[in-house]
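Worksheet: one structure, shown below.
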Amino acid sequence: MYMEKEAALNVAKSSPHETSGQPIISIRNVGKTYANGSVVALSNASFDVQRGEFVVILGPSGAGKSTLLRCVNRLAEPTQGKIFLDGKEITENARELREVRRHIGMVFQHFNLVPRLSVLMNVLSGRLSYRSTWRSFFYSFTKEDRAIALECLEMVALGHKAFQRASTLSGGEQQRVAIARALAQKPTVILADEPVASLDPKIARQVLTYLKEVTHSLGISVICNLHQIDFAREYADRIVGLCDGEKIFDGKASELTDNILKKIYRLNAEDDSDASE
Amino acid sequence: MSHSGNFPLEQPSLTYFGKAKFLAYTLAAAIFLAWSANSLELNAGELMRSMPVIGRYIARMFPPDWTVLEGLWGPTLDTLCIALWGTVIASIIGLPLGILAAKNMHSPAVIRVGALTILNILRSVSELIWAIFFVAAVGLGPFPGALALGVNFGGILGRLYAEAIENIDPKPHEALRATGANHVQAIMFSVIPQVLPQIVSYNLYWFEVGVRSATVLGMIGAGGIGFVLVTTIRLYEFQETAAILLVILVLVTIIDRASAVLRRAIVG
Amino acid sequence: MTPASSIGAAVADGLVREAAWRQRRIIKWVVITAICLFVLWLAAWRIGLNFVSMLRGLPHMADVFMRMVPPDFGYMERLIDPTIETIQIAVWGTLLAVIASAPLCLLAAHNTTPHPVIYSITRVFLNLLRSINELIYALILVSAVGLGPYPGVLAIALHATGMLAKFVAEEIEHVNRGPIEALQAAGAGRMQIILMGILPQVLPSLVGYILYRFDVSIRSATVLGLVGAGGLGFSLITTMKMFRYHETAASIVMIILLIMLADWISGRLQKRIL
C-alpha cells in the first residue's frame, strides 16, 4: 500500500523502530506559520505512530510540540503538509472534524476540567460527540455512556470520587479525571500536551504510569509532549526530538545520546532555564 | 525610623514645569469649586440658616408614629414583588444582550456593538425616568414600576453578564471541542456551569438593590411602600415618615442578610 | 492496575450509586424550579403583571414614544445650564461627603476608633445614612428649605457620606499591620500613625472609590430634579407635565450623553491613577 511504503521509507531514514502494520497516525511534512507570517511554529515535521505505541515528543518550550499536537486534532490548522489517521487524511475535510476528534482524546497541561461539574459529569463530557445537541441541553446521557464513564474512572482508580466536584480534587487526581475523560471517547489515539508540567515529580510519575498502563492495556496510541528528559526516557517507546519547529531526532529512548540532547536543547549553560516551563 | 539612602531623598524632585502644572490644576479646581458653590447658592450663611430648619424637621420625626405599620403590609409586599419581577425582567433582557455583547462569544461586530449600545442606553437612563415613561404609558401602579426596574437593571445586568462571560476560563471549552463536542454542547458543559453561579449571585444582589429602588419608584406613582412614604412627606406627617423609613431600613437589612445566605447556599 | 473483573463489579456498583445520585439531583432541581415559579406567579398576580396587561400596554408605550421622537434638539441649548448645574451638584455633593466622612471613617473602623461604643454608634448612623435613598432626602429637604439645587447637594452628600465612610472604614480595617507597628515602635502618635501608616495604604482604593462615587452622584443628580432639587431632572419633569414630549426626549438624550461622558471620564481617570 502507498501509505505503508512511505511510512517505511521514513522509518528507514530516521529510526530503526519496527513497523507493525499500518501506522495509526502519519504526519507528513506538517508545518505551521502563524497568521502574521513571521513566526514559524513548526516546519516540515514527518513521523509515524504505530498502534499502541507511546511516543514522546521531547523538546524545550517553544519548540513547536504543542503546535504539532494541536495540528493532529486540528485545534490548530497546519499551514502545510498532511496528517493521516488510520490511513485517512484528516487535514482536509472540515465536515468530518467531529468524527475525527472523537477518535482522538486529548489531555492538557492544566487538566481543563470544568471545575463546578462533578467528576463523573466531566468524564461523561467525553461522550458528548456521540450524543445529540438537544440531549446535551438536559445534561442527559445514556446508560451505556454512564457505564463507560464509570469504567474509565475505575481504570484511573477514581471511581470513589465520581460524585464530587472536580474542583475538590488534587492536581494529580484532576489529571487522572482528564485521562478518564479522554478514555471515555473510546479513542484510538490520545494526545497529551505536557500532561505533568504542572505537577510535582512524584505525582507526575504516578499520572504518567496510569496514562501508560491504561493506554497500553487498551491498545491506544499516545503522543505525549514532555520537556523532562528523565520522564521521556522512562516512559517512551519512542522519542521524537523537536527543536525550533524541526524534527531532529526520532528513535528509541536508548539511542538518545547526550549529543543529541544538546542539539535538542541547544544546550549552553545559560539556556538551561529554557528546558523547564 | 531609619532613613536608608533610597528613601524619599533620591526620588526625582518635581521639576518646575511639573510644579507649575500641579499648581495650575489645583487653581483651576479651586476656581471651579468656588464658582459652583456660588451658583448653587452654597455658602456658610445658607448652611447656617438652613441647618436649624433641617434640625426642626428631623426633630418633628420623633417619636416615630407606629400606627402606620398596620397599613404597610400590602405596600411592602408590593415593593418586594416589584423588585422580584424587576430582576426577572432584567435577566430576560440582559442575558441575550449580554451573550451577544461578550467578546469571546464571537458574534458579528455589528451585533456586538448594537447590543453594547442598547445596554448602555438602558443603563444610563435611571429607573425613575423609565418609570415616568411607563407610568405615562400604562398608568399608575406597581406594574410600570416592575417594568422600569427591569429595563434599567436589564442594562446593568447585561453588562455584568457580558463581563462574567468574558472572564470565564476558555480552556475547558477548548478541551470539550477537542473531544468532538459541537459548539452548543461545549457551551452547555463549559460556559454555562462557569457562568451560572455568577449570574445567580448578580441577580440576588440586584434584587437587593431593586428593593431599595422600588421604595423610591413609589414617588412617581409606581406603587409600593415608597408611595406611602411620599404621601406622608407631602402631608408633613413626619412621625409616620420616620416609622416608614425605619421599616424600609429593617426590610433592606433582612433582604441583605437573606440574600447573603442564599448566595452562599447556591454558589458556595 | 486493577484487574478487569473487579472493575466490572465496581462499575455495576457505581451505576447503582449514580442512579440514586441522579435522582436526588433531579428532585432537587424540580423542587427548586417549582418553588421559584410559584413565588414568581404569586408576585405577578399581586402586582397585576400578566401577559395581557403587557400586550395592552405596548400600544400606549409606542404612542408615548412616538410623541417623543424626534427629540427637540433646539431645546438642547436651554439644557446647557441645567447640565452644568447637575455636574455642580454632583461635585459638591461628593466633596461634602468626602469632608464629612474623613472623621466618620476613623470612628467607624475598629482599629482607629477611640472607643467601641463610638464605633457601634457610628456604624449604625452610617447604615442609616446609607439606606435612605437620595431622592427621599431630597424630598424632605426640598420641603424644608425650598426648591433648588441646594437641597440636591445636601441629599447627595448625606447618602454618599454613608457609603464612602463605610467603605473607607472597611479599607482601614484591612490595612497591613506591619507598617503601623513599625511606627508605633518608633513612638509615633495616633495622628502620625493615621497619616503615615494608614492613609498611604488606603489612598489608591480611596481615590478609585471617590471617582466611582462621583459617577454614581452624577446619575443621582440627573433625577433629583424630579422632586424639585435642581438639575436636568427638573427640566425633564416640567416638560413632561406640560406634555411637551419632544423637549422631554431632548432632556433624556442630554442625560444619556452626560452619564456616558461621566462614565468615560471616570474610567480614564481611574486608569491613569491606578
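When the chains are written out, they are named A, B and C in that same order, and each has its own residue count from 1.
By definition in this document, contacts are C-beta pairs under 8 Å (C-beta built on N, C-alpha and C of every residue); 3 or more make two chains touch, one makes a residue touch a chain.
Being a predicted model, the structure only gives us computed values, none of them experimental.
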Margin query: Taking each chain's centre as the mean of its CA atoms, which one is most distant from chain B?
Written below: A
Note to self: So using the touch definition from the top, which pair is joined by more C-beta contacts, A-B or A-C?
What the structure shows: A-B
Notebook entry, point to check: Quick one: chain B and chain C, Cα centre-to-centre, how many Å?
Noted result: 4
Next item on the list: Give, as an integer number of Å, the spacing between the C-alpha centres of chain C and chain A.
Entry: 50
Next item on the list: Pull out every residue in chain C that's touching 2 or more other chains.
Entry: none
Notebook entry, point to check: Got the chain A residues that touch at least 2 other chains?
Noted result: none
Next item on the list: Write out the stretch or stretches of chain A touching chain C in their complex.
Entry: 120, 143, 146-147, 150-151, 153-155, 157, 159, 162-163, 213-214, 217
Notebook entry, point to check: Where on chain B is chain A touching in the complex?
Noted result: 171-172, 174-182, 184-186, 188-190, 193-194, 196-197
Margin query: So in the complex, the part of chain A that touches chain B is made up of which residues?
Written below: 73, 75, 97-102, 104-106, 108, 110, 112-117, 121, 125-126, 128-129, 131, 133, 136-137, 139, 178, 181-182, 185
Next item on the list: Within their complex, state which residues of chain C touch chain B.
Entry: 39-40, 43-44, 46-49, 53, 56-57, 60-61, 63-64, 84-85, 88-89, 91-92, 95, 127-128, 131-133, 135-136, 139-141, 143-145, 148-150, 153-154, 182-183, 186, 219, 222-223, 226-227, 230, 233, 236-237, 240, 252, 255-256, 259-260
Margin query: For the complex, give me every residue of chain C touching chain A.
Written below: 1-2, 7, 10-11, 14-15, 17-18, 21
